[in-house]
Amino acid sequence: MVLGKVVGTVWSTRKDENLIGSKFMIVRHLNLDLTEKESFNIAVDSVGSGVGEIVIMATGSSARQTNITKNKPIDAVIMAIVDKLDISNSEDS
Amino acid sequence: MVLGKVVGTVWSTRKDENLIGSKFMIVRHLNLDLTEKESFNIAVDSVGSGVGEIVIMATGSSARQTNITKNKPIDAVIMAIVDKLDISNSEDS
Amino acid sequence: MVLGKVVGTVWSTRKDENLIGSKFMIVRHLNLDLTEKESFNIAVDSVGSGVGEIVIMATGSSARQTNITKNKPIDAVIMAIVDKLDISNSEDS
Amino acid sequence: MVLGKVVGTVWSTRKDENLIGSKFMIVRHLNLDLTEKESFNIAVDSVGSGVGEIVIMATGSSARQTNITKNKPIDAVIMAIVDKLDISNSEDS
Amino acid sequence: MVLGKVVGTVWSTRKDENLIGSKFMIVRHLNLDLTEKESFNIAVDSVGSGVGEIVIMATGSSARQTNITKNKPIDAVIMAIVDKLDISNSEDS
């Protein structure tokens, strides 16, 4: 899964009929020190996350394994909100 | 999902029999400030988007979760047209 | 899907029993101006394409959604031959 | 599959209901000489690995093919702990 | 699929119960001129390949479409051994 930060939302009125009610979040990818990368995904939220929160995203077919995303054309889902990272010292981090 | 902009279409008469009637759109990937990246996908449209529109694409097996793409050899689908992005200020964007 | 150009074929006599009869094509990825990228895939053809032709490839599980590739260990399929690209002018292309 | 090293864990109390009890490990990707790359994944463990261990991760839908990850929104699983790598001399490694 | 060269094997005694008996090969990715890239995968072999051989790998869910890998947490399989590549002259290769 990918570590990310919710930085915004996408407004869309014209979307696939399966997606009515789905809310699209903009999630910037994070480095392990929590600085933001250039890259980002648009994801559907299954855990009530909000802008500014650090989250974990599942992608691909795994993104459809929640009640909210099942059988929908969705390839990224926020499935956890991060409380904290425990990282051990390592040679180059 | 991937943020993109429809920049053109692909003409193809010889294609897999499952794809007769499918229209292929060229979608350039976008940065969060809506400038275009070099990278692009060819995607099938499920929402009636047109050239110049900002869209969201789902990829992989999730691209087959629409009525138009079901059971077809299609790995990218335009499943939403973007009205606008709401982005909060963040450290490095 | 990925825009590519067929540049060759792979000869293989020892392959998974499901793949007997499958022909492997070498497909270089293309930029939108049809220049070749360094990157390439090996793909199975479902549309009778030949060396030198511009094609579209589907990847991942979507590559198995043709009669020729169903239930086989194949993750890239040529599913359309390109007649031409219609690209609108855009800020940086 | 991806070669990696477990460098930490992620604490998360708010997560998808399917994920209660799942433990998220931070896995840095490794080069063949076992130096760490910048890139990393968050993965669920199915083999009892611990921080500091060299592991193999499966990603995508294959990550859901264990008893621990079945039908869950998980796209990366640690499915083996590495004892050692046997690498033959090659031109540029 | 990905063109690669088997450069070694991974020893692992602690692995998911579905993987007992599976042998992990280290496969370096190749350029079209058969020079090795930095990148590599760990893959299961379904065709009896050995160190030094040029092979083709299928990844993702397609890697599970062999008798050896079915229903296992495996996302890369060697499904063909390459006899030779036939590459036509192209503008920049």
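A, B, C, D and E are the chain letters, set down in written order, and residue numbers restart from 1 in every chain.
Note that in this section a residue touches a chain if its C-beta (ideal position, glycine included) is under 8 Å from a C-beta of that chain, and two chains touch if they have at least 3 such contacts.
These numbers were taken from a predicted model, which means no experiment stands behind them.
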- In how few steps can one go from chain C to chain E if every step must land on a touching chain? 1
- Fraction-based call for chain C against chain B, same above half, different below: different
- Item | Intercentroid distance (Cα basis), chain C paired with chain B, Å | 19
- Item | Distance from chain E to chain B - Cα centre to Cα centre, in angstrom | 31
- Note on the structure: Shared-interface residues of chain C (touching two or more other chains) are 60-61, 63-64
- Moving around the ring in the sense set by going from chain A to chain D, list every chain once. A, D, E, C, B
- What part of chain A is in contact with chain D in the complex they form? 1-3, 31-32, 46-48, 56, 58-66, 69, 77, 79-88, 90-93
- In the complex of these two chains, what residues of chain C are touching chain E? 5, 7-16, 18-19, 24, 26, 28, 35-36, 38, 40-43, 51-52, 60-61, 63-64, 71-76
